[in-house]
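In the part that follows, the structures are each spelled out as structure tokens.
Across the two complexes that follow, chain A remains constant while its partner is chain B and subsequently chain C.
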Partner chain A sequence: MKTNVNPTRMELTKLKKRLKVARRGHKLLKDKQDELIKKFVDLVKKNKELREKVEDELSSALRNFVMARAVMSKEIVEESLMYPVEKVDIDVETGNIMSVKVPKIKIHKKKKKASDNKYPYGFANTSGELDNAISILADILPDLLELAEIEKTCQLLADEIEKTRRRVNALEHIMIPELEETIKYISMKLDEAERANITRLMKVKEMVMEKSV
Partner chain B sequence: MEEYLYATARVKALEIKLISQNLTERLLDAPSAEETAKVLSETEYGSYFGEIGSVYNFEEAIYKHLKDVFRIIDDSTGNPDFTRIFRYKYDIHNLKVLLKASYIGESYEDILIPIGTVEVERIKKTVSDKDFSELPAFLKDAAHEAVAGFELNHDPQYVDFILDRYLYSKMLDTAKRLGDFAEEFVKTEIDLININTFLRFRKIGISSSRLKEALIDGGYLKPSFYVEYFAEPLNSFAESLSVSRYDRVVDEGIQKWIVDQDATQLEKALDNYLIDLAKQGKYEAFGVKPILGFLKAKDNEAKLLRLIFVSKINEIPVEKIRERLRDTYV
Partner chain C sequence: MIRMYKIGVIGDRDTILAFKALGIDTFPVEDFEQARKALKEAAQKKYAVIFLTEQMAEKIQDTIDLYVDKMLPSIILIPNNRGSLGIGMKNVKSSVEKAIGVDIFLNEREGEEIETGKNH
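Moving on to the complex of A and B:
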């Protein structure tokens, strides 16, 4: 659909300039989109792997946990775990992928005391099945946080890709054809005027010739 | 030695009502936790499960039942030492909870267990007043040392280590008053715990200096025995245990542990060893053995029910439960 404009030469030059800008913009956005998608696909692959790993480990930790709970009473399990030995601080910074702001999570493990102990309970009334669960959970934390980081990044990238695609599509399917059509319309209109002018001139010339004969 | 004729007679009558192998099978076959509770309704537990409303509160029913069992034994023996051996651990548990809660600054009242020898309220008051002088001597000393230990290390594990040590030394003292069998029983329990602690330490790779803190003194095997073998290959530990009284634990649990380090079989073997020891009480006509045996049987029964209920509530397959089922007393 053409836009409603005056078919003048000035308008034509203006539109041609706009078309050039639109084409360049389109190309740039298209490149950006391709790159985003490439990054996104990589991340999604990594995300899938990590998620499967984390889910596997979590489910085995929880299985151990349920079994630990089955051989120990609720009160003893809770007492064993009520006072944590490890404290974890998390810093979230922002990174940049193709001008998309993404989170970068950093873990600072703060141990209450320099020791190799991650089990906050004694061994007399607890079961070895609890050790398994705690050990898996303690090891899984960095992976869990990395998963959170990647999943959020994927989400943000997906948003950005959608936005970019909408822009690319708008340029490709609406803006550029519209401009092209308008340019075509104006140039045809101008050509038409030119032809009318020539015809008129020829007619005038003929009339002048007839009179002079 | 006292014969406890009246008490033994009562215990023998109650023994019949313990959960048998047969009933265990029926509990396992029940399709849901609710159905399991229904199967239990024909046992001693029936009325307790009637009181609690939801099966999710099964622990409450178990504790209420244990409390009544303790009362019956106390009344019929006239000697509170029997149940004390089984009740001190709840005092220590409550003390652990309250001490840790005071460090965190939160209330954890719902995980206190009200069947110890000292009322929960009394321990609560002493912890909040930071004055333990009102408590029985062993709890007072334990609390003092645990507080000092925590202030030194800020490691909750030490609180448990210290309190557990006090618990078992108190249990052993009490058992000694009841005679040889009770002493043997508690000493064996200490050994079994130490064996488990030793193996768990090996698996999770904590230093041997901490092992010394975690081991409990007073068993037949001295703590130095474990420390000595800590750096040795597991096989040599198993060998030296297999010439001790714990040869069966080696055959049934430790051999498999060496292969797959799986806690399930090992802990089952350890528990079964103690139950087997307690079973002597079944074949004795009167005296300390049947009473202690019965109390251990009840303790074991609580474990059994807990295992079955947790498994049923979480829909754990029956074979997984079976792997962990301990022997029954009857």
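Moving on to the complex of A and C:
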């Protein structure tokens, strides 16, 4: 399928230039796609492992928590957890993977009290299950945040890969063949005009010769 | 660019109470509409990481999708106290399928899921 163009020499030069750019762009995008996929595969494997681990431990923490709630009264549980010992904030930096902006999360714990105790409550009214639940949760929090970082990165990369693939395909299967065909059409037209011109000249020359003789 | 962000948890009260002890902000919600609202609100404020229970996420997928292509917030699905629904894992797999076209973890799936995998 060729685009509708005037078969002129100027148009031909322009199209040839565009084809060159398209080929170059295609090569670059293809390289980008390969690299993105390489990075993505690495990350997504890590993502999967981390998610399995986190889901496992989180479930066990929550099971403990349910048990704790069962043996303690609702008021006491709520009261015990009312004032956390530490405040968790996070720093988010912008990382860059093949010009995809990805978050880099750093954990930032602030202790509210000087004590080393990670439980925000006294031990008098609470059960051991609650301690377990809180302890497991506190341990997997860094993993949870890492998961947040990696999973988001994977999502963003997947998005970018899809976009890049669409562009690569558009260039490879539509843009470049179309340009090639149009270039072929124009050069054939030009050649045809050239041949017509030569024949005409020969004919004219013959007529002139005949007349002079 | 370094900025301080916060972490939030959205889910049913029983599940997220445990997170409160860690100093994470909690948004207890009872139904999907509230969850939707809480998620939107948290995303607008400075919450970079939002943990959301799968039970809630199941019904408000359209709201979660709004934030998929943004850098922040990162919405992470977690199982609630009744166990995992496997939605979080499914999302990982679907992003693999989106990026590569096939599921490279296919061999680790169970029998009935392989059938659906072939259709792609």
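We adopt the following convention: the second predicted complex is superposed on the first by the 199 of 213 C-alpha atoms of A that agree within 3 Å, B and C clash if a C-alpha of one lies under 4 Å from a C-alpha of the other, contacts with A are read in each partner's own complex, and residues count from 1 in each chain.
Keep in mind that, in the parts below, a residue touches a chain if its C-beta (ideal position, glycine included) is under 8 Å from a C-beta of that chain, and two chains touch if they have at least 3 such contacts.
All figures in this text were calculated on a predicted structure; none of them were measured in a lab.
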Chain A as common anchor, with chain B and chain C clashing or fitting: fit
Contacts of A:Phe40 with chain B and chain C, given as first, second, both or neither: second
Partner chain in contact with A:Val66 - chain B first, chain C second, else both or neither: both
Which superposed partner A:Lys152 touches (first chain B, second chain C, both, neither): second
Contacts of A:Val88 with chain B and chain C, given as first, second, both or neither: second
C-alpha centroid angle, chain C to chain B via chain A, nearest 10°: 20
Partner, of chain C and chain B, that touches more residues belonging to chain A: C
Which of chain B and chain C A:Asn132 touches, first, second, both or neither: first
Which of chain B and chain C A:Lys48 touches, first, second, both or neither: second
Chain B versus chain C as contact partner of A:His108, first or second or both or neither: second
Which of chain B and chain C A:Thr182 touches, first, second, both or neither: neither
Where chain B and chain C come nearest after superposition, their Cα distance in Å: 7
Footprint overlap on chain A, comparing chain B with chain C: 66, 69, 78, 80, 82, 84-85, 112, 119-120
Contact set on chain C toward chain A in their complex: 1-7, 14-15, 17-24, 48-49, 51, 68-69, 71-72, 74, 76, 78-81, 83-84, 88-89, 91-92, 95-96, 98-100, 104-105
Interface residues, chain B side, partner chain A - complex: 59, 89, 93, 96-97, 100-101, 103-104, 108, 111-113, 153-157, 159-161, 163-164, 167-168, 193, 196-197, 199-201, 203-207, 210, 214, 216, 263-264, 266-267, 302-303, 306-307, 310-311, 314, 316, 320-321, 324
Complex interface listing, chain A residues touching chain B: 66-67, 69-76, 78-80, 82-85, 112-113, 115-117, 119-125, 127-129, 131-132, 135
Chain A - residues contacting chain C, complex: 36-37, 40-41, 44, 47-48, 51-52, 54-55, 58-59, 61-63, 65-66, 69, 77-78, 80-82, 84-94, 101-103, 105, 108-110, 112, 119-120, 133-134, 137-138, 141, 144-145, 147-149, 151-152, 154-159, 161-162
